[in-house]
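Two complexes come next, and they have one chain in common, subunit A, joined by subunit B in the first and subunit C in the second.
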Partner chain A sequence: MHSILWRLNAPFFFGVIVLGILTGINVISTYFVDYRVDTSIQNIHVNKFINNSRFHWEEAELSFDLKGDFSEVFNWNVNYIYIYVELDYESPMRNAIIIWDKIIPRFYYKPLKIEYKSEKGKYTLKNKGYNLRGKNVLAKIKLEIEPIAGFIFKIEGSHSNITFPTNYSY
Partner chain B sequence: MARGFWNIMGEIDYVGQKKAEYLYKVIILVSCLIGFAISCITKQFMYTGYAAMISTIVSLILVVPPWPWYKKNPLTWSSKPKKS
Partner chain C sequence: MHVVTDTLNEFKIMDKRRFSHQFVNLCLVIATALMTWKGFMISFNTESPIVVVLSGSMEPAYYRGDILFLEMWNYPPLQPGDVVVYKLGDRDIPIVHRIMNLHEEDDDYYILTKGDNNKVNDRGLYTPGQLFIQKKDLLGRTWFYIPYVGIITIWLADYPILKYLLIGGMVIIGLTSREPQS
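Up next, the complex of A and B:
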């Protein structure tokens, strides 16, 4: 009893258990928070809309204005926010394509407000088939709040419509 | 008491064992609660983690080696009975 190995084991796991209990209190304290954000996406513009005849799909490049205010989201259990723009349409089954995303970390982004004007989409939209011409597409802002410990929360921001042009650009 | 190598390495007496248990519990609990209060105020949870890590390391240093203040009350064995 109480050899050197016992005295090595007991303080270490006591510290781990105390840290675990405090982390559990942290998770419980932020589980019932109702996260709300002000986001807006406007002026969605189709820059390029081409028919890729080699792979039999359509490609489109978009640009948009995006605003967001996250100053009320960050509490003591939020590690970073992952924000992305998703296009939602049916051709003929439901499709959801991410065209832009960004990680807003906790410490390195001081203003906690983002504002982009005529921001280009990071990823080109590729649609198998040729049925995107003249189609009405819903663009949604979605957010994932990644915590330090606990559960990931998914929120939907605002959304707006675009109609794709009836002809390809070239 | 078992006479293994690790038992001989860190032998302390019974009063010292009680002191050692009390010491690491108090150090870890108090510093973790202080760190938790600081992280409540500053809203950064990593302070609790730092407090837990540092206090665990400090209590390991204070408890694991057989320091001289754990050996102040050695057991007094009864003397050998005299042959009559």
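Up next, the complex of A and C:
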């Protein structure tokens, strides 16, 4: 009855249960947190807009002013945040493309406020097909909160509009 | 150390009735585990509701051995920024990466993915000539995350001897252990 296996088993599973309960408290305590961010995206420019005839799609390079304050987002259960700029347009169905992203891990306290002037998109916008000319596109700042353990949250920051040129740059 | 002799002794004194009782108990445990898995499959609408991260291409988000819970209800609809798990054609290792481009067309998605830790997108991973992955390749979108726990399954897969030891040990313990009596 009280063999060595039983004796090892008991503290091991007690430890597992304690860890599980602590993790559960961690998850529940941040589930109802109302994450708020203060962001703005402005002055979006299309620097280059070309027709890639090899792959049969359009490519564009954009730049924008980006501001954000993410100090309110971090709490005890945030592993890191993934900030990204997404372009949304309809053609006629939904299209969405990420052109810029940044990861701010925890323990990286300093730049919780970011500010970029005429920042270039990190990724070239590559459309599927030819339908961006003269299109009205919505640029959104979004945020994904990756927890240490628990639910993955998404937050939407501010957005602004841009109309693509009706002709290719060259 | 009476573990071995005790266990052997348990086998010696075991009669038919007790053996069948223990055997049914063991089957019950296995069936419960299977039922839980199938229940997860139905409630999250995906064929693999829980996956273990196998590569470091999503660091610093997901490390090797982290557990991800997936769902495929598509509500809210998939969007860029979501971390999805996909499996390509004949390859059996699922890949955990983030959606960068998403084009919706005729009730299907055309998705381009990229790992956070990779410099370039995944077109090099896809089958040659494939530009986008589609709905049929997707296993699900992550919605819940638990760190570290899945490393056990990686060990089990890397060292098969460990797997046999564990399963054998579980079967022996399941057959010999008595209900703890007060």
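Criterion: the second predicted complex is superposed on the first by the 168 of 170 C-alpha atoms of A that agree within 3 Å, B and C clash if a C-alpha of one lies under 4 Å from a C-alpha of the other, contacts with A are read in each partner's own complex, and residues count from 1 in each chain.
Heads up, the rule we're going with is that a contact is a pair of C-beta atoms (placed from the backbone, for glycine too) under 8 Å apart; a residue touches a chain by one contact, two chains touch by 3 or more.
For clarity, every value in this text was computed on a predicted model and none was experimentally measured.
Enquirer: Is A:105 touching anything from subunit B or subunit C once the two structures are fitted on A? First, second, both or neither.
Expert: Touch partner of A:105: subunit C, not subunit B.
Enquirer: For A:165, select first, second, both or neither according to whether it touches subunit B, subunit C, the two together, or no partner.
Expert: A:165 sits against neither subunit B nor subunit C.
Enquirer: Would you sort A:11 into first (subunit B), second (subunit C), both or neither based on which partner it touches?
Expert: first
Enquirer: Determine, under the contact definition given at the top, whether A:134 touches first (subunit B), second (subunit C), both, or neither.
Expert: The answer is neither, since A:134 touches no partner chain.
Enquirer: Could you say whether A:24 touches subunit B, subunit C, both of them, or neither, answering first, second, both or neither?
Expert: Once the two structures are laid over each other on A, A:24 reaches no partner at all.
Enquirer: Touch test for A:3: subunit B only (first), subunit C only (second), both, or neither?
Expert: Touch status of A:3: both partners.
Enquirer: Spot which of subunit B and subunit C makes contact with more residues of subunit A, would you?
Expert: C
Enquirer: Report for A:82: first if it touches subunit B alone, second if subunit C alone, otherwise both or neither.
Expert: After superposing on A, A:82 lies in contact with subunit C but is clear of subunit B.
Enquirer: Kindly list the residues of subunit A that each of subunit B and subunit C touches, one partner per complex.
Expert: 1, 3-5, 23, 148-149
Enquirer: Residue numbers of subunit B touching subunit A in their complex, please.
Expert: Spelled out, the residues of subunit B in touch with subunit A are 1, 4, 6-7, 9-12, 17, 20-21, 24-25, 28-29, 32, 36, 39-40, 43-46, 48-49, 52-53, 55-56, 59-60, 63-66.
Enquirer: Which residues of subunit A touch subunit C in their complex?
Expert: My answer: residues 1, 3-6, 23, 55, 79-80, 82, 84, 86, 93-98, 103, 105, 123, 126, 128, 142, 144, 146-152, 154.
Enquirer: Give the list of subunit A residues in touch with subunit B in this complex.
Expert: So the residues of subunit A in touch with subunit B come to 1-5, 7-8, 10-12, 14-16, 18-19, 22-23, 25-26, 74-77, 148-149.
Enquirer: Could you list, by residue number, the parts of subunit C that touch subunit A in their complex?
Expert: Of all residues in subunit C, those touching subunit A are 1-3, 6, 60-61, 77, 79-81, 83, 98-106, 110, 116, 131-132, 142-147, 173, 178, 180-181.
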